[in-house]
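Which chain is which? They are A, B, C, D and E, in the order written, and residues in each are numbered from 1.
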Amino acid sequence: MRATFILRKLAGAVSTLAFVVVFNFFLFRVVNKNPVDSMFRGRNLTASQKAELTRKFHLDGSKWDQFVGYVRQLLRGDLGLSFKGNRPVVDVIAEALWPTILLVGFSTLLAMLGIGLGYRAGWRRGSRFDTTSTSLSMLTYSMPEFWIGMVLLGIFAAKLGWFPVGGLEDPGSTATGFSKLLDQFHHMLLPAIVLAIAYVGEYMIVARSAMIETLREDYLQLARAKGMRDDDVRRKHAVPNARLPVVSLSAINFGFVVSGAIAVESIFSWPGIGQATYIAIRGPDLPVLQGLFLLISAAVIVANLIADLLYGRLDPRVVGR
Amino acid sequence: SGSSGGGTVTLTVGVTQDVDSPNVTVGYTVAAYELWNLQYATLTDKAADDFATIPGLASTWDASDDGLTYTYHLREGLKWSDGQPLTAEDVAWTVNTSRDQEWYNHSSVTANLDAVALDDVTVQITSAVPDPKLPTMDVYILPKHIWEGPAADDVTAFDALDGVGSGPFTLKEWKPGQEWTMVANPNYWQGQPKIDQVVFRVYTEGGAMVTALEKGELDAANDIPAELFADLGTQPNIVTVAGAQGGFTELAMNGMAGGIGDGHPALLDLNVRHAVAMAIDRQQLFDRVALGIGLPLTVLGVSPDQEWLPEIPDAEKLGYDPEAAKALLEDNGYKDTDGDGIREMPGGGEPLVFRYAERSEGTQGAAIRELITGWLKEVGIGTEVSVYDDTQLGDIIYAGTYDLFVWGWTPFVDPDPMLSYFTCDQVTYDADEAGYNDANWCSPEYDALYVQQNQELDHAKRVELVHEMIRMFNTQSTYVVLYHDADTQAYRTDRFTGWLQQPKGTGPVIFSNSSPTYFNLTPIESSGSDDGGLGTGALIAIIAGAVVLVGLIVFFAMRSRSSREDRE
Amino acid sequence: MSVLELHDLCVTYRTEGGKVPAVRGVNLTIEEGDTVGLAGESGCGKSTIAAAVLRLLPKGTRVTGKVLLNGEDVYSMKPGRLRAVRWTGAAIVFQGALHSLNPVRRVGLQIEEALRLHQTVPVGKMAARVDDLLERVGLPGAHASRYPHQMSGGQRQRVLIALALACDPQLLIADEPTTALDVMVQAQVLALLEELQRERGLSLLFITHDLSVLTHTCRRLAVMYAGRIVEEGLSAEVFARPEHPYTRALAAAFPTIGDTASRMNPQGLPGDPPDPSALPTGCPFHPRCDRAVDECATADVTLRPVADGAAAGWRAACVHVGVDRG
Amino acid sequence: MSAAVAWARRRASAADAWRRLRRDRLAMTALIVLVAFVVMALIAPLVSDRADFDAINTGGNPTNSSPSGQFVLGTDGLGRSMALQVMWGARISLLVGFSATVLMIVLGVVVGLAAGFFGGWIDAVLMRITDWFMVIPFLPLAIVLASVLERGVGTIVLVIGITSWPSTARLIRSQVLSIRERLYVDRARALGAGKGHIIGRHILPNVTPLILANTTLAVPIAILTETTLSFLGLGDPTQVSWGGLLERAGTTAVKAGYWWEYLPPGVGIVLVVLAFTIIGRAVEEVLDPRLRAR
Amino acid sequence: MADPVLRAQHVQVRFDAGRVRAVDTVSLEVGRGEVVALVGESGCGKTTLIRSVVGLEPLAAGSVEVEGRPIGSSGKGRALRAVRRRVQMIFQDPTGALNPRHSIYEAVAEGLRIHKVKGDEAALVSDALAAAGLRPPERYLRRFPHELSGGQKQRVLIAAAMALQPALLLADEPVASLDASIRGEILALMRSYVERDGVSIVAVTHDLGLAWNIADRVAVMYLGRIVEVGPAEAVLRSPQHPYTRALLSVVPETGHLEQQILTGETPDPSKVPSGCRFHPRCPVVASGEAARLGIEDRCRGVDLELEVVAEGHEVACHAVSVRST
């Protein structure tokens, strides 16, 4: 039972990944006929040099051949070469990975505080706490994250000077170990707070309605009748049942936060996936975009898979079906 | 920032553009040129003040009588930053290989050259044709022992992160999208620089960069947004520089040389081009869009050296005169026959609606477009705007499928390259042989003049020829040069002294032609007081953040404890 | 001492649409070891009474009168005391058996939770106690590690009963424990309840709308209509010779198979059950009553003793009671 | 007769819903704000002339000036009135918001309805596709599409529409699935009703409230996406939009302290999005009985 | 049976790609004006059987004819629609069976419109409602389901079905969700249609009292099969099949039989036992009586059909066959 459940979910994820690969390939190939021309325009390339480059970027042959080549390459873990500076896309992405993990991870953690708030608000539906926190979360939900970034940057970095205006660490910092971490933390705090503000509302709203959904359930009445404290009824009976929507939101949000970081990272010059995307789009640096797109999609697929499997743990009924 | 934390003196420079590749055969961004300027010394140098050719790696050189051969004498004991000797062999290898492999950063200089190392310190360079650009050898000399290895067959694949060079600073680390760090080269032929390292920090947002400069996180910055430029100059300890390098912004009209592309037929009429030029208030563009930073010049910029620019008689200036523009159009049959405010071709028919390609990169495209399209409308010319990034815009230009576009150029020191772009050779007739002639205008007379100046060894005569070419180009109005841009830069005066403008008085301090500033900088002794330490604000912020973090951990820990309680 | 005493209990829900007087002055006493059935149609207030006993009504609900559990007033207890009394003084088998178990927790744990809350047995002995309880209701102890969805409706109902018995309550309130179940399973559960009651001398309040079921299970019987008790007495007597016209209709609704009188002759009440937020005046039953007289529309009839059963506490709320047995 | 009954009933239920909505003070405030913005967008061409903030006519105005009597929200770098631009920007933001939502709802409803009602392989195929679109990160996809296609309002609408329909499709499908299993649908089938009858008389009317609520909640998403795309420089260059205004301001205005250049468009976005969110949730609560107070 | 209204022969209905044999070879005939009660435990296939009769479930095998014309998967299009009009179904849960957005008028008129019944629609609707005891009908026409009580809703459904003048009314647990006090009235109403219009009724129920109240014949189902069928009096008073006996014994309404509570859970139609499908729970087998009769092996290994034990009374039980021979 359990094994087939996992297998089924895995198969679904793999099929989606396959779709993304195909989609990714064609989307980008349709865009541009021959990027070599635009890349080396006017640079006195000989025909043979050009042919060489075309071959190197796998831009020769039929679309099908290109696709096969592309997939082969992917399987080898090779995402091709960036148009810019001829660097392997894998390197470009690898460099951007850690800053994004740091930023998105921390901001997600912060935003997840909204879950707790949402549960409490839903539990005391209609109370002052509920109305205040719900209003606040709708407010933050309504703000474009880059705008929050602009405003906070204006106040806390430009005016008050509490935070550096951007970057991952102090320029030329040679710090290592703890002081390096401290430095990065200091740089990360403001963009992380921006992202957290942008997403906390959604967590809170979803958690709240999941909680309200469970409020109707008979087992809460039973728990109370057993002589349980109200708080414990919420924590032990209501919350475990209100987890599913929150888990799936977290999975979906994962993609959103990563992409929402595009604007925020560029405002804060945070050298992560978001900024890499922004720069690649400006190019446009197709191999890098393709790689990023694949990476983000894969990350979201994996996040969804994890959420699906978590469902199985959180709600035993899911596995049975 | 410019501190001596841990004993290292660091210069920090803010930029808005990253290096695309440290490999001289691949990179093309301005940032990459700055990197190479610092990392690779050249045979001859350019004087900081006036670009005069001065000794570089070569201390002296002799010319042959026919002016085709030069013999350069290298300094004794030159070394690469890794300690290997730098010899004539390196020079010969660089010149010959770059010519054979057509490295595009070298080939404009080395295309006709042949180099022979006569001994370790003597190299003889022969040109196939008379070349006024010699004896200047504006070529980055590469370390043969690094570059001829496995990289020789596939030189474009080389990551060039070796950091071996002969310039004052060499690349230590490149974090793409973030920063690149260059450290002092102890073997630099002029001696060890007085600062230990230069960090270039990349900002995606100009406003953020300016803030960082003001806060002292940076010592200098390039590409200051024009809106912030004036105010920045009034800040204590900050000096702003609007460095002129001859770069300009132009409105180009499709000349359709040889029937190329599908431009609007009206653009073939010189009267229409003149009317367009007169419809545009270039002074206003300079004042309102460039905010008066730069020069209100309307001639083709071919060099940072103003010597090359001719005086244009008022009659040829085609200054702002909408009435004259209207009259010119009216007189030549471009009348609004259907009363929609837009003129039609003589005898009715196709309206004068031009496709206007706006460049999305850079910050001024939108403002220029708004003004120009507005003014054109005033004289009865319509526009259809599309926005393209540089790649797409390039595609459109090379296909000739545009009517108008606005873009810009920055010339080299020698006017030759810029002038070459408007020869018939450079028109892109075949996408595989793309040329630089983006307005598709050319003429045999111009081409003849070009060949003349290219081989004219008499400087004064050559200046004459160049002036004539520029005026000829100007009267054609295929380019309406809007204004000459400036490199908006700023630096702090409280940490380093020795900032050099190249050329003196008008040029930029960094990202100049050969970037002499860096070697010239000296740290100010008293600086570095707040050496590497964090400000109080920063401390408050970190503490606040830490409290939040601890709070989070406690929160989640409590949650997990409470849920552990009821696990089996 | 009586396990449960309700004195003039009134419960009024507050809803968006106004006040809903769900229970309107109910007096009921359950002696130790006694079994009392509470019958009546849907919406007459049976479950409300069950919830009122443990103070489980939603916030804002108005409760007047007294609820004495072992002589102690539930509504004046401090929160801590109230929690202590819940499940030890009285335990409830809730109406919605299929939904009363938390779907994401193993059933054994849910039983254990009750034990833990009231420290009924030492931690070490809990698992054994859970096994014991499950076996008592006829389920293998291994079922403790199952999730509710892995059990059938009947099994879940048994788990709920085991859960209700966990803390040895003096009073068990079973709110329609069998309505959702299949006939055969219903019989199993009823048999189980009877057995438990007999073995342990448990006091039982059995709530259902099926009068015939009550008659088999309970010694005494109370019939509710529109928030009030309209007839009470010993179940055998009341079922055999109902006094109140409503009780009569209810009794007739379940024919005795083999009884020729009901063959091809279904009996029912005309009209619809009353809406508690808009009750008729006088005797709330009078619009549906075939014996209604003018007086019924105005007189607020209270319970009065029935002549032949007064000794056993047989009472009914009808103008005809004690007047005329025609 | 029955048409009249149906009509009366629809009116009655609409009136009822409206009455319940009216009691929600917050939602009413939001509605007023929203109406104010819509009115502002509609009357913009009546009270002002697009030429009033054409750069060629604003040469005489002060540039980057803070709010004053003449320019209540100040001016930008070309001396254009921010107030006028914010007002005209509302037109694009609302237009894109509405049209993209319509597109996304239509796509979502058609797919969801088809998948839910027909089931079987149609459902399987449609849901597979929906799942695919669901996991493809929405903003990067939108950005890529927007940079591939010609820039313009139409493109933005298209991009938002085709990247955001999957969640609507899923929602509609699950609702259709649940309605399809309702006893009254079985009854209609037992009565001999065909597919058309069941969709038209039972399924559609029952998903309509959901569609309505979903629409109201989708508009904010569309507006926010438009804003983000414009901010990233992918919007229509010749139109004034809030996102475009913010892009122009960038951190430069933040640094320069020109708050009137980045606060008003941002506040406009927040207010409109917030208003839609509040109304959407109120509508949802009114129309979805499950969410009504217990 | 001469000219039966319903003739179902060897009907099989399967779910889950055939793994679940919900109805496993059932034959049933219903005469004109006859009320048949179909009784049995939950999950034995009663609902599925009658749903297949109105074509809501496809038949895996067998055939269903109404007034001699095929229905179910065998019929198609217009013809099917005509037959469908002659079979109407009412559902266990009246609240669920009424679209909350349709007025009572619309609910009743829906069938009339689908079948394009001629005549004044409004009059037909009013008459149907009045006949179902909703008087005066005008009071109900404009109401919506949530404004009616359960009993009233069930009447509306009956009215909607009867408005089409069917020959056969299929009722799935028609009173199970209703209050006890209302139950009798609804049953009386159904009976009245039989008497007045000569309609035939198949009433699905697990409530034997209902069968005693209104049924002419009773069919007892176990695990997808009919195991006993016969006149109501005979089946309910002297049940032959051990399953029927057990069922009757646990109904409180009977009282006199010694309780025989079958152990074990509801049988599972995806795992039908071999032989007599009742044998794992059969008291006759469990008590050893089958062994004594020497039929235990047959009970465990030989599947069997209904056998006539008396006039119109058929039973499928090895023990009964042995005893009666």
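We adopt the following convention: contacts are C-beta pairs under 8 Å (C-beta built on N, C-alpha and C of every residue); 3 or more make two chains touch, one makes a residue touch a chain.
Predicted model, so just to flag it, every value in this text is computed and none were measured.
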Most remote chain, CA-based centroid, reference being subunit C: B
Identity of the chain that, by mean CA position, is farthest from subunit E: B
Between B-D and C-E, the pair joined by more C-beta contacts: C-E
Where subunit B and subunit E are represented by their mean Cα positions, the distance between them in whole Å: 89
Separation of subunit A from subunit C, taking each centre as the mean of its C-alpha atoms, in whole Å: 54
Inter-chain centre distance, subunit A versus subunit D - centres from mean C-alpha coordinates, in Å: 23
Chain centre separation (subunit A, subunit B; CA means) in Å: 36
Touching two or more other chains - residue numbers and ranges from subunit B: 205, 207-208, 211, 389, 566
Junction residues of subunit A, two or more chains touched: 153, 158, 236, 240, 267, 278, 284
Numbers and ranges of subunit D residues touching at least 2 other chains: 147, 250-251, 254-255, 293-294
Contact footprint of subunit B on subunit A as seen in their complex: 37-38, 41-47, 49-50, 84-87, 92, 95-96, 109-110, 113, 116, 153, 156-158, 160-168, 170-172, 174, 182, 185-186, 189, 235-236, 240, 266-269, 271, 275-276, 278-279, 282-284
For the subunit B and subunit A complex, residues of the former touching the latter: 1, 6, 8, 10, 12, 18-23, 26-28, 102, 104, 107, 156-157, 159, 175-179, 181, 197, 199, 201-205, 207-209, 211-212, 215, 217-218, 361, 389, 391, 394-395, 398, 431-432, 434-436, 532, 534-535, 537-538, 540-542, 545-546, 548, 552, 555, 559, 562-563, 566
Residues of subunit E that touch subunit D when the two form their complex: 51, 54-56, 80-81, 84-85, 88-89, 91, 93, 96-99, 101-103, 105-106, 109-111, 114-115, 121-122, 141-142, 144, 157, 164
List of subunit A residues in touch with subunit C within their complex: 217-219, 221-229, 236-237, 240-241, 314-317, 320
Residue ranges of subunit C in contact with subunit A within the complex: 51, 54, 56, 82-88, 91-92, 94, 96, 99-105, 113-114, 117-118, 147, 149-150, 163
